[in-house]
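Look at the two complexes coming up: subunit A is in both, with subunit B in one and subunit C in the other.
Take a look at the complex of A and B:
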């Protein structure tokens, strides 16, 4: 059940960051992802859309091996980051996750100060040598997450005391602080109001200049607004994958069209 | 504003102003339930009040003691006939010799103050002084032989019946029926008190002195029991906190889910329900008979109580670790923290208040536990203080709950008062531990 044909979609193949081939995911007896092939381009936003339970979040969590923490979960196939198979036995998932950062659906700042939230990653990875350097990383990360102006006077305040949208941007700053190469976002705006959503979307567009961004979203408008490439998942299958404009205006598969026009999902 | 009339009432399913039968029944059920709750709380509070009042009314008098204030002439002819002040020679004079000096001093004091009481023989008067008094004077002299030949003011214990009379436990009526004390002695005690020779004062020695024999309840103290309990708590804390927390973290965060870990889990829950006396038998078999550790030693008591406390610490600690939201673990793993960094940087700090609560409940139970200690010989009568740490862990000692159990078994009613006093000390220890837990917990909760 693999309907996509990359050569026809015209997706730019020159700068592929992550390439997934024939990925299968099983949760115990449940076959959650079937034969998925996806290419994630560097410095572009790739959106995963599809109805609830279609496997888009599961697939996203394969890309930084967060599924390893679920004992019944089994991943087959190949996922290559810059040509290295991330499921190779020699790969340490901890090192992988420093390269492939993640932002979760619900804002989940640590119950620590704003500063410590952002500084945590650089600290455990030993990215900075001095306090001044760490201060700088924290400031750049918060600036990149468009949060610096709002929190620069209260870096010692608890991160959990911020508003929902600010918390989510803090989580983005925390993910950015470890200088990842890929940023995975699992429905980052689903808990936010429209204004905070707009801020985060704007931010995603800026982050694109430095990282490959993969975003799972329930909102097709959001996918259309922020992404360059879109993958449509349905019942564990990758139904269609191509440039966002093409997927939304001229879907090849009837199921994609039904979903986009609101007939299924 | 127009004052248009309301549309006419249309009672279709009954007016809202009159609650229907179903609503009334529901509200009545809720009111009844609240009443049950208030009643339950009230019963619990009353039971607690009765307990506290009874313990305090029986026990507070144990902290006061009746003393005689006497100038005692330390006669050289009795204490050091050779005049050499040789310690070996001084030691040869037993408490019987000192007892005579006290009797003489008491007789002189009575004569000097002009008290006359009918029907009192010499031995009746000397029985008003505690058997402990001679030992008190003797040890003072042995500590400082220069006192010999001088007259010193001593504060010596009165006998337990005189003490009871001062505290209202013994009356003229009960004395008439008691072979150990006569009404005449009580009259003399009244007269001595009027002269300022006899009086009650706060009794530090109840807290610091070792236990005393059945014949000297007035001299019995909790010193060794408090030390023994403190030593055991140190052992329990030092062993059960690291082992318990490490076991909980491993089982909750690292252990694979399989039959073996399921079995461990079931057994931990079962162990928490095992009667404590079973742990005593286990301790006797393993630590004393097999490992050859000494009987009555706090280290064995501490080990047994650790075994008993461990499951009671592990279960709440695991619950506290499980209660940390998974989103925090995801967040830490997502920025590339290792499993261990996730646990120690994020999960453990958030679980600490819960772990501490479990720890304090476990320690409190261990502190009040009697049954297993009986089996490992901590009921023994111990007069010598254990040494300081860590050697003292291997010296014989008693424990607070065992001391209470011991005293309640003794015949003299003066020990009942002392048992209640010991319960107050035990409760103070428990309250202090709980207070410490609250302080530590607050500190961890505030730390971001």
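Take a look at the complex of A and C:
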């Protein structure tokens, strides 16, 4: 699978934001990710699909070095963000994560007000100089997360008091507020009902105009709906990577076809 | 029959009832136990409970009521005693004489007939009782002897009646509950409801005990305030008990000492405990944690008297020689600072261990969320974890505060016993708890205000910690409403 170049897959239409080459991840003795090469395009949605335990979330967490917080985890290979190796000694993971935002599987608003949740990132990174500027960032972020209309009258209310779907959009707004360049989403809809899922999917499509979005999902329909590129992981290997339409309609690998048609999973 | 034996007999009857009930249920089902509404075990359990519990309750109530009833009857025989105090003394004599007679009979030195024939003139009753190891002050009066005989008669009668009644009740319960076993009988519901009653009863015991404590404090406090003006107690600024009367019993110096020492203790324990909790839960490696956490918790197992020794021998002289004397603040090794610091050390594990548990309970997803936004570890701790854990931390601090307010031994040995109101932390002061001990263990008459003031102080302490708890609950609830 390593010889799968961008020209073959036909996804070199836009700039490459993140380029991963020969990435290996070990959890102690467990070899969780084997030789993965993926290119994430700017202003596009890339979906990672695959059965549970295939390593797609683990790989996603490599992209902003969230795996650093797990002591037994070891990452090898090369991941470049705009051409710079993010595992270089000189890169501070804290700064990296400000550029590569993340939204988690379960909505995890902080036990603070809605306003403070969104303002958290800008505050810790010192992005704004005045209260008015911060207000503006909070408002734009909430608007981008399609939540402004619902919460504009109760910004001081606790973020944990919102519904599940609203909480997840709040978490997206929180991630957007630090103006990241890449947004990683780890199964962002798995804890949501169908209506909230539809809202978040719509939102992902809008977010694509500003950032590169990477989404891990269990739902193949979701991957087909929201993504331009799809990567299929199986047992720690990247089985297939290409344009979503091609992966879903004309998969090259028999394993991809089996998974998509529901024979393995 | 002694009470222990009686209880065993009743439990045995009930156990037999359990087996009988099970067998009867099995027979009622005609071999197919699935036809029964309840499992056979529940039928047995229902029989057991209906046999044992009412009989045991009867014994408990009987034993509670019996002394009062008998005392009432015996008092009638002691007609010559006019004052309440003398009557109480005479009743005490009656109890002792009756116990002595019981022992003599049990040893075989005296027959029941001989007891009936005893007279005050005929024998030296005092010496006879003395051989049984019962000391009676002075000569036994005829009236007391008659009362003692009556007392013995009633006690024996009552014990026999109780035995018969309890066993009869157990057998009645057994018969009743066995008779109603049928295929449809809902033994599970019945026995579960019965057990539920037992649960409710048990929880009521705790609640009633609290009421009992408050009531006893209240009664003696009211007694105190009838002897000593409440205005002086609450507003007088001096504490100077005199054994000959004419004391000043103002609570303020003691309250001040209590609050001052607790404040110093918390000032030391809260930052140290909280910071070590943050270190343990967020920064320490697993091996470090496995070593440090138990080591801190050892502090919680040290008896307070040992802390008191530490205060008296080490901390007190150290503070005096290196801080108080050079700064000209005092020459006493007993001081608020000594007691406060040592008490603070004692409180560290309360704050750190509880806070550590609470911080660990903050979900990992919140940490991930914060790290995912590019926050550093310290930003995450300060802005996400501590706010999320705050209600629990406040609870931990208040628990430590009530420990500090109720602490006695460290204060006695570290801060001395001088009631004083001063802002100098290197002066000896004392607390409410210390004074409760010293007033109650004094030689003064129990009914004097100097002794009874201990109850008023205890009441004040109780009200104070109660208010602290209410405030804590209010703060925690408000905070929760805001953030969850």
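Convention: the second predicted complex is superposed on the first by the 257 of 265 C-alpha atoms of A that agree within 3 Å, B and C clash if a C-alpha of one lies under 4 Å from a C-alpha of the other, contacts with A are read in each partner's own complex, and residues count from 1 in each chain.
FYI, a contact is a pair of C-beta atoms (placed from the backbone, for glycine too) under 8 Å apart; a residue touches a chain by one contact, two chains touch by 3 or more.
Keep in mind that this is a model prediction, so the values were computed, not measured.
After alignment on the shared subunit A, the placement of subunit B and subunit C results in a clash. Contacts of A:215 after superposition on the shared chain: neither subunit B nor subunit C is touched.
Once chain A of one complex is fitted onto chain A of the other, the partner contacts of A:119 are absent, as it touches neither subunit B nor subunit C. By the touch criterion stated above, A:102 is placed in contact with subunit B and with subunit C alike. Look at A:247: by the touch rule set out above, it reaches neither subunit B nor subunit C.
Annotation: subunit C segment clashing with subunit B after superposition, chosen from 1-9, 19-27, 37-45 or 91-99, is 37-45. Residues common to the contacts of subunit A with subunit B and with subunit C across the two structures: 64, 66, 69, 94-98, 101-104, 106, 108-112, 120-121, 124-125, 158, 171, 174-175, 178.
Residues 64, 66, 69, 94-99, 101-104, 106, 108-112, 120-121, 124-125, 158, 160-161, 171, 174-175, 178 of subunit A touch subunit C in their complex. Every residue of subunit A that touches subunit B in the complex is listed here, in rising order: 64, 66, 69, 71, 94-98, 101-104, 106, 108-113, 116, 120-121, 124-125, 158, 171, 174-175, 177-178. Contact residues on subunit C toward subunit A in their complex (touch as defined above): 363, 365-376, 379, 383-384, 387-388, 482-484.
Within the complex formed with subunit A, the residues of subunit B that make contact are 256-257, 325, 327-338, 341, 345-346, 350, 448.
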